[in-house]
Every structure is written in C-alpha cells, then in structure tokens.
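What follows is a group of structures, each given as structure tokens.
Here subunit A shows up in two complexes: once beside subunit B, once beside subunit C.
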Partner chain A sequence: MTLTSPAKPRSDSKRPLPTPPAKRRRFEATYLGFLVPALICFTIAITVPAAMGIFFSFTDSVGFGDYNLIGLANYAALFTDPAIIGAYSFTIGFALVTVLLTNALAFLLAVGLTAQIRARVALRTIFVMPMVISGIVIAYVFNFLFSNTLPTVGEYFGIEFLKTSLLSNPDLAWLSIVIVSAWQAIPSAMLIYIAGLMAIPYDLYEASSLDGASALGQLVHVTLPLMIGYIGINIIIGFKNFLGAYDVIVGLTNGGPGVQTRSIAMTIFTGFERGDYAYQMANATVFFIISLIIALLQLRLTNRGQVK
Partner chain B sequence: MNFGSEALSRPLKRRSFIASMLATGTLTLTSCGTDDPRASIRFNQSKPEVVPYFRDLLSQFNSSQRTVNATHEVTAGLSAAFARNDPPDLGCLNYNFEMARFQERGALSDLSDLPQQKMNAPFIKQLLDLYPDYPGRTSVLPYSMMGASVLYNKDIFEKHSLSIPTRYSELLDLCGELSDLGITPIYSTFKDAWTVSQGLADYCVGGAIETNQHFADLRELGSDFTPDSAVTFSKAFTDPLLRMQELAKFSNKDAANRGYGDGNLAFANGQAAMYLQGPWALPEIAKTNPDANIGTFPLPMTEDPEDLKIRVNLDLALWIPEQSDHKAEARELLAFLCQPELQDAYNESALGFGVRSDSPPTKDPRLKQMQPYIDNGRIYQGVSTAIPRTIPFENYMQGLVTGGSVEQTLATLDADWARLAQRS
Partner chain C sequence: MSLTLQQRLNKRSRSRVGRERTNWWATGLLGICALAVLVPLFVTVSMAFKSAKQAVDGKAFSLPKPLSIEGFTEAWELVNFPRAFTISFLITLVAVVGAVLVASMASYAIHRNWGKRFYRFSFYYLLGAMFLPFPVLALSQVKLTGLFGLDNPAGVAILHVMFGLSFNVLLFTSFLRGLPGELEESARIDGASNWTTYWRIIFPLLAPMSATVAIFAFLGSWNDFMMPSLIIAEQADQTLPVVQQLFQTQFSNNYHVSFASYLMAMAPSVVAYLFTQRWVMSGLTQGAVKS
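Moving on to the complex of A and B:
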C-alpha cells in the first residue's frame, strides 16, 4: 500500500490565501433539508421523551393515571437505596475492569496485526467477527459454554474449579460478564488502534532503529506516545458503552446469582416494567447526567486532538 | 418496475422527488385501511403456550358474528401500553402484582355486574382479595387457575415402596432414603432464578405460614412499615427459608449450572424422584417422555398433615380497561370466551383448574391428586406473586440456594419493602 503524503510542501508561501467565496455566508436551504428531518426525529424520539422522563422523576407516577409532584423525594430515596448503590458500584467496577482488559488486548492484537506477518488481512477479518454478532446471541452462546461445556471438561479432566459454572459463583459471576463483554468489544477498539498504528510514519521507526532501539523500546518510546490520543478515545467510548451494559448480562446471569450482577440499565428497565416508573426515571436522570459528563469529556478530548 | 429512460437521464428535481415520496406514503397509508364495517377490538393474551389455542378461538369468534372484529395481540409490554393510553380492549393475562397495580389505580373498568361473576367458585374470593381493588369495583373476571405442588416420579416411588410424606420430618427421611439409594431426591435448576422462587421458595413459605394473612397485615401497616414492625419478613420467613436451604441440599450436584429446560429433560428421563415445578412443565416433560408416570403432592413443611396446602394462582383473568372505547364489544368477546364448554375445554388442554362453582374436576391423571385440596379450599397464593416485582425477590431466593445468608437477605427484603411502602 502506498500512502500519498497529505501535506504537500507549499511552493509559494507568499501567495495570499484564497479569499473565502462570498457565497459561503449565504443561507443555503439545501442544508435545512438535511438537518430538519434528523432534528425532528431526534426531538420526537429522544428529546421529548427524555424531558418527560425527567419531569416524571419529580412525581409519584406509575407510568399511567394520576400523579402528584413530590419534589426530590425519589432522588433522596435513590441515594440511600442499597439496591441502586449496589447496581452503580457493580456497573462502574465492571466497566473499569472491562475497558482496561479490552484496550490492553485490543492494543496488543492491533500491534500484532499491523506487523509484517502472513495472512494479515485474513486474521484481521477473523478477529473482527465478534463485532457483527448481536450481544444477546453472544451471551446465550457463552451461557451454554459456561454452564455445560466447561463443567463437562472439568468433570472429564478432574479440574475442580471448572466443575461449577462461573455464572453461578456469587463472587466470580461478574468475571464472566467481563470476559464476554471484552470479547465482544475488542474488535472495534482494535480497528481504531490499527488505523492509528498505520498513521504513524515509518521514518520514526527507521530513525529509532538507527539509534539502536529494540522492538520493545520502539513500542514504548515511539508507538505508545503517538497512540495516546487513540487510547484516550477508546477508553472513554468503551467506558461509556460498558456503563450501559444490558443485553450481555440478561443473556448470561440475568442479574444473578442473587443480585450480584445487576447493572444500572437493568435496574432502570426492570423497575419501569414492574411499576416503579417515577423512581426509576429519577435513577435514569442521574445516569443520564453521568453519561453526559463522560460525553463532554470525550468531546473535549477529541477537540484537543484536532487542534494538535 | 420500469422507469422511462428519459426520467432517469433527467436529474431528479427536489420538488418532484418530495412529491413522489409523499405520494408513495399516502398510498401506503390508505392501503392499510380496511373496509370492514365491524368494530375492531384488540385482545391481549401473551401466555406463550396457549397463543395458538386462543388464536383459534378468536377466528371462531370473528366468523361467528357480524358486529365485532377482534385482533390478537401477544405483546407483553403492558406498562407501556397503559402509559401510552393505548391498552388492549380485552386482556386475558396472568393475575399478578403487575396486573393488580392497574386495578388499584382504577385503570380497569368495573365488571361486578357480569353474570359470570356469580358463578365464581367459593375459593376464588381469597385469590381476588389478595390484591387491593379500586373502591367499589371488581376489576377482573377469573378464567383459569393453576395448581402447583411437588411433581414426583411415581415409578421411582413404587419401585422402592416409598410413601408420600405428609410431615416435614417424613420429607427429610424420604430425601435421606433416596440419597442412600443413589437417587437424586430433588432436581433443581438454580440457574434460572424464577424456578427457585416459584417452586422451592413458594412451597416452603406457603406450606409453613399463612401467606395471605401475612400480606394483609403488611398492607394494613402501609407506609408505617419499618424493619422493626410487629410483622416483618424477617420474623415470618426465617424458619421456612432455613428449611428451604436444608431441602436445597438434596438437589442434583450440578443444580447451579442447570436451567428450566435442563430440569424438564432430566426429570422426564427419571433422573430424580421429585421436581418442584408447576403443571406448565408437564407438557415439556411429555415432549421428552410421553409415558412419564408423574403425580403430585403438596410439600409438607410442618408436623401437621392438616397444614398441607397447594400453591395456586389465577393463571388467566379477563379485564377491560377504563380507557377502552369498545367496552361493549369487548364484553361480547368476554362472554364468548366464558361459555362454560369453551372455558372447560381450555382448562383441560392447558392443565388448569376450573374457577366456576360448576366446573368439572380435572380429568388429567397427573393433576388428580390436587383436586381434593382445591375443593376444600386448602390453597395459598405463592409469595413470589405477592411481592412487587420491582423488588428482585427471585434473585434473592437464588442467592439463598447458592450460599447466601437468610438473615441478611430478609433484612434486605424488609428494607426494600419499607422503602417501597414509603414511596408508593
């Protein structure tokens, strides 16, 4: 593959910059045609329901019929409810562990798959496959593996810790969710890393090898510093996605054993379905604010990357 | 379709493009409308096992008269339908806490004037009284009841001349004896939390205490309930749940990895003597082993055989939302479904028990042993159906059989109940 150098040396730097066309300021109706449908859809499907949900979080509504405004009572109850606090601590802990594992493995895979190896494209395709399968399908397949295949293997070879399913171990069930979520999320992180790695100019490696850098030295002193922006973005996007964990958990443990693996999204959804509408709307509002903070963080990070 | 080449070569003008899109849209919309002059109503029934059965009944209904056309809805998202002010016109669903909160707030219309209400069997009243109704209303009409108790493998019991236990001590002896014979006493499927709560937990609690009274007391306390009240889950449930943990130990070794489907398969193949599932498991078991020789008995939790009771629930109850614009038409369909011969035929095919005072006893040999208990009103409603499902009771029970502490779990349950009582 040949890459054309994006920045051509300017032959005549004294030439004045072309003045922006005067037409640019003119209001172009075509853009409205692009903008308005999306805006209407977004408003109707996202903004309005969200605003309604936030409003109902200050009421005692069950989702239909009459309701009373009760101020911040739902929020006060929320912060003292061990079930809610439990869901938050599980989800945040799970998201942290998973995002670290996902990115470490995705980075290593990306480094491996950009190296000069045989069947590089075929391997990339194989590694990307989990990305195209829906989460609930992955979860059910792994559920079968954890509940049947591994215990059978454990019985056969007499391996004690494999004999009972990871899913039914109250202390370790969360690990199964980490493993499956990471397995599903690695490909997309890996693709971003591969793109990042391919954008690093080869001269840097040449120069460093002339200076006698080892492969490891190149990784630590050349690759990693240049990849830091990609790592930041991957971690923030990944963290945000894992905070919303739902389908994989439903398919694997459904929150069990006991309430060990109930995520925030699960608590909100089951609560709503089961008549705790206003209370879970308050929970959703808190969750929305947390997601918003993370999204703003991500935006700042991407903008800074662009300026650089 | 053939577009003229002229039209293709000409750049598509924005206006004509939009016009054509609009035209297509209008066309699609108008083609959705029907010329049927009959009032159209929506019938919601989502119990998966009997969807084909009701689909058939509905087509009979639609072809039998000229005024109403009913469509069959099988979606389960009832909360959302009520929230959108768009509930079905006639519902035929499991009567549980989810349902009850609609009636409590007056979302269901009054059905107390229906002639069918007078036919209710005497034991029905205690089931309807379990959930508070809107003042002055009877919001549902019972359609079918399920009775659940321990399923046991008659062949294993006969082969080893074991008798059905009627006291808790006898039950423990039986489990010990079976274990000594190398037979798994109870097949458990702890992976699916609901199987723990509706079977083991409901039988253990319902067989030991007066569940209905417990919840009536809790309701009376209302928002005054605290974990220190005179009636709490910790006070009432500790002993039964400790016994539940004792019994859970007699399960298959791999119970923690097994789910509902595995349980049906294993029990059908005679891999255990007892299985704590309801009658809904029987058709599944019959798929594997049509000749499985299965009987039922109530799980004894005390030393008094007089305390033996079986777990029941109103599997289907009919209701008509206040918001429906077609209440009269919905009542026509209700009357159709409630014809005794249709209702009895349904119960026979779905392994339910009749809810009218003149319903015939069950003909199914696997359910016959439960009939005397039902006739004498020795029934209770499962705890798992009396706790609002926003409290993850199923998960709590699953936690208990996988090593959790009864004391801690019940303290959590009390705290959950107090919080819920205060905000609702």
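Moving on to the complex of A and C:
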C-alpha cells in the first residue's frame, strides 16, 4: 500500500528561489492569501463548535440563555442513563454486525470480479452503484419493500416471521438497518479489496496450483494472508462510519419501534428538542473520544502497513 | 517476470486470447448477486411509472400498465421539485468548486512553504479534523449558523467545503509532492507571480486529483441528508433528499408519487456516476488507501 507519511518534501523544494527579497515578500502575501482565509473559515466552522461542545458539556445550558458550570455532573448522569446506554449498545452492536457482513460480502464480490468472468465491466458498474445513491432515499425505497412487499411474500410462502413488517418487529427491526447499511457500504469496501487483489503477484497462484492447491485452498492460504492489511483498514473505516449511522435509520425505523434502534447520533440530535443541549454535548464528547481511539488505531495500522 | 493480476487482466483483454476458461460459475453467481442491487432500483422505476389506480395496491413487482407519468407531474408540484432541485444544485455547485479551489490553494501554499513552521502547523491543524464526526459538532454548528444568519443553504454549502477540507488537503498535498518541480521553477525564472504560477501551471497539473475531489464532493453534497436537515431552518429552503420526508408523514399511500419523487432525487447522481465511473473507482482507492 502506498501511504502518506507526514509530508516529506523533495529536497529541491527547500532550495531558495532566485528572487530578490522585496519580491519574495509579495510571494509570501499570496501564499498567506491562499491559506489564511481557509484557516479562518475552518476555525469558525469546525474548531469553534468542537470547543463549544466540550465547554458546554461541563455546564447546564439548555441551548440558549444563562448557564452554570456544573463540572462532571453530565458525564456522571450519562453513564447511568438507560436511553444513552441503550443507544450505545445498539449502535456498537449494529456497527459490529454490519462491518462483518459488509466486509465478508465485499471480499467475496471482489474475488469474484477479479476471476475469469464474463461481463466484468457491467457487473462492476452495477455493484458500485449503491455507493452513489442518497442513503435516505434508498432507505425509503427499502422501507416500502420491508413493510409492503416482504409481508406479501411471507404470506404467499407461509413464512411466519415475515408476515408482519420487519420494521415494526422489536426483535428484528435492527436487521433491516443492517441490510440497507451493508447494501450501501459494500461498494467502497469492494473497490478497496479489488485494488488489493489486483496487486498480488500472479506467480503465487501459479506456484500454488502446481503444488496442487485447490481454488479454495488458494483463497485461504495465498489470498487471505496477503489481504490482511486491506481487511484491517476496511474494518476500521467501516466501523467508524457505522457508528455515525443516521440517514438509513431515519429512513427505515426512525429509531423505532419504541427506541429500539436509536443510534448515538440520533440521541445527540435530540439535544435541542428536549432542552438538554449541555447533556447531549457530554454525550457527543464521549462519542468523539471513541471515534478518536478508533482513528488512532487506524493510523497505527496504516503505519505498520507502511513499514512492511 | 512476476506479473500482478492487474497486468495479467490487462494483457488478456488486449490480446483477446483467453487461455483460461471463463469461470461460468462465478459469472452466474455474481449475476444473481447483482439482483440485490438491481431489484430495489427496478422497483423504484417501475412504481414511479404506474398510474394512481395501479399503484394503490402496492405490488412491487408488477410492471406499470399503462405507462403513466402522473406520478412525476404530481411529485413535481407536491415537493416543489424545481425549487428543491435548484437549492440542491446550488449547494452542490458551491461545495464542488469550493472543495477544489480552497483545498488546492491551501495545499499549494502548504507544499511550497513546508520549511516554515506556520504552514507545517496549519497542515496538521487541518488534518486533525478528519477524526471529528459531524454529530459531535452538529448542535453547536446549529447555534453558530443561527447566530451568523447562515442557517440556510449558503451555510450548508460552506460547511460542506470545510468538512471536506481536511481530507482534500491531504489528497492534494500528497499529489503535489509527486509533481516534478521543473515547470514551476522555469515559470518563476520567467518572472511569473505566485498567483500565475498556481493558476497557469499548478492548477492544470492537479487536474486528475481535482477530478477525484470534485466527484466525491458532488456525491457527498448532493446526497447529504443529515446536515441540511439540521442546519436549514426554513422548511421551504430544504434540499432534494430532505424534502422526501414528506412522503413518510403525508401522502404515504400514493406510491406512484413518492417513487417518482425518489427517482428524480436519485437520477442525477446515478447519471453522473455512469459518466464518471472510472474516476469514481480510481478515486476511491486512492482516497481510502491514503486515509
């Protein structure tokens, strides 16, 4: 894998340019003009809200007006709040199941698409398509399929659990979210796997087939070990994305039935409706720390890949 | 000589000599899997073209008979399609142009002045935000955009550019590092100003990376639901994905209208994808491997 290490400029870019000092100052002004407005907007749009969120998580603000500093009280309340614990366990469980399903299917599709098949380009075009469709819109389409079409199919074949809508079934509603999230996330994982598979030296397959390895044996003993780095990256990127799940859930169950499928993002967004802005900011800060840990894991993994 | 699978596939398709037999099993299996993608899309298209009378029974797999566009005309009126489309289009346009220009200019400044601490620090500062998920910032951004009078499509467009900045700067700086420096130096010796060098020399050289950045900015912005639904205060100014909510609360049984509306919301990104496939695919792998 080619990975970006923190920028290493070529040595020649350090060489001073043949310009008189006066002119160089003007150059400097253009460079600052390129960078500084972006930095200012970025600070207002990203850094300030992040700092605000962390600051207000230590207060009792309802989103506007006066507030008092209350220390860690919000955090203490967070860890005993069944709504929060429910949202975290649902989201983490959902993310784990979805990331495994997504990667298993994406890997198999990638293996299939790099085999000696016909209509390769057409098939790849179809498999990538879900990536470009709006999550909320496709969730509405699946909403119809799960609540109208599937019960009809269940009725027809006499399959008991399909007869009522999957979306209103408290035990199975999460499954619909897994299916649609995976449907949407498979293409990007698949493309990364295809890139990985394409880089494997073909010799290895020829040698192992001379040694009498079966196709399955080659997959397990040649392909898989070489793909471990890609699998790791895909699982971490996927897990991080699924933890932020929102669109698909809004389109399918909107957190229901009850609050069975309410994700972390959805609980954070209730902050204004219910006037517990500060409390949800504590929630957001915890969520941020979890995302940060995953990001650091990802960095570690990519750096190790680079050393290899 | 050791070939990778990639080189082998290229060679094979060029010489058209398939020494190995086609794997029909794999082809067939993939064809069946492709149905999982195609069926929901087929249902969308087929429901959209049904007449009100036919759509009301909610049968997903019956073909439209007679073919009718009343769903489209009704959806057009109901969600005020021209308005929602224009707003989505303008947000996406600003987000795409902004993503390419702001990120490439910032990246060029950082790249050229890597020796100076301020620029190096800025690079890491921008990169730090890659780990910030939107839900963490959302409520505070709602407060801020309200304060600045940006709780409207303009605010969403600006936020789209800023959210993409981290990753786009990473892509552009790594691309700039791979460019030969000679062209730039000869331009400078000819007395070109900094702006001229950027606009006439660097920006054209960045084209492949700009294409990648633009496509992903387009898809991200056009399909976004979370940010506009939270930031845009005026319901009449909502984007195309957000206005689809209408069919969950009201008119939920007019399937031909809702599906016509979904189809009109999806179509632009699907069409754009079909025309830019190659860049979508190569861009994703570049991006992912670098992230």
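Assorted remarks:
As a convention for this text, the second predicted complex is superposed on the first by the 261 of 308 C-alpha atoms of A that agree within 3 Å, B and C clash if a C-alpha of one lies under 4 Å from a C-alpha of the other, contacts with A are read in each partner's own complex, and residues count from 1 in each chain.
As a convention for this text, a residue touches a chain if its C-beta (ideal position, glycine included) is under 8 Å from a C-beta of that chain, and two chains touch if they have at least 3 such contacts.
Values in this document were obtained by computation on a predicted structure and should not be read as measured data.
In the superposition on chain A, contact of A:104 is made with neither subunit B nor subunit C. When the two structures are aligned on the shared chain, A:148 is found in touch with subunit B and with subunit C.
By the document's definition of touching, of the two partners only subunit B reaches A:83; subunit C does not. Of the two partner chains, subunit C is the only one touched by A:197; subunit B is not. In the superposition on chain A, contact of A:273 is made with subunit B only, not with subunit C.
Using the contact criterion defined above for the overlaid structures, shared-chain residue A:165 touches subunit B, although it does not reach subunit C.
Of the two partner chains placed by superposition, only subunit B is touched by A:255; subunit C is not. Within the superposed three-chain model, A:220 lies out of touch with both subunit B and subunit C [touch as defined at top].
Legend: residue contacts after superposition of the two complexes on their common chain; A:63 is shown touching both subunit B and subunit C. Counting residues of subunit A touched by each partner, subunit B versus subunit C, the larger count belongs to C. Within subunit A, the residues touched by subunit B in the first complex and by subunit C in the second are 63-64, 148, 254, 271-272, 277. Note for the complex: subunit C touches subunit A at residues 2-6, 8-9, 18, 20-24, 26-27, 29-31, 33-34, 36-38, 40-41, 43-44, 47, 58-61, 102-103, 105-106, 108-115, 119-120, 122-126, 129-144, 158-159, 161-163, 165, 170, 173-174, 177, 181, 185, 188-189, 193-195, 198, 219, 222-223, 225-226, 230, 241-242, 244-245, 247-248, 255, 258-259, 262, 265-266, 269-270, 272-274, 277, 280-281, 284-285, 288-291. Chain contact summary for the complex, subunit A toward subunit B: residues 33, 60, 62-66, 73-74, 77, 80-83, 146-148, 151, 164-165, 167-168, 170, 254-260, 262, 270-277, 279.
Touching subunit C in their complex are the following residues of subunit A: 1-4, 6-10, 12-14, 17-19, 26-27, 30-32, 34-35, 38-39, 41-42, 44-50, 52-53, 56, 63-64, 109, 112-119, 123-138, 140-145, 148-149, 152, 183, 188, 191-192, 194-195, 197-203, 233, 237, 240, 243-244, 246-247, 250-251, 254, 264-265, 268-269, 271-272, 277, 280-281, 284-285, 287-288, 291-292, 295, 298. Residues 14, 77, 79-80, 82-83, 85, 97-98, 101-102, 105-107, 190-191, 193, 254, 256-259, 388-390, 392, 395-396, 398-400, 402-404, 409, 412, 415-416, 419-420, 422-424 of subunit B are the ones that touch subunit A when the two sit in their complex.
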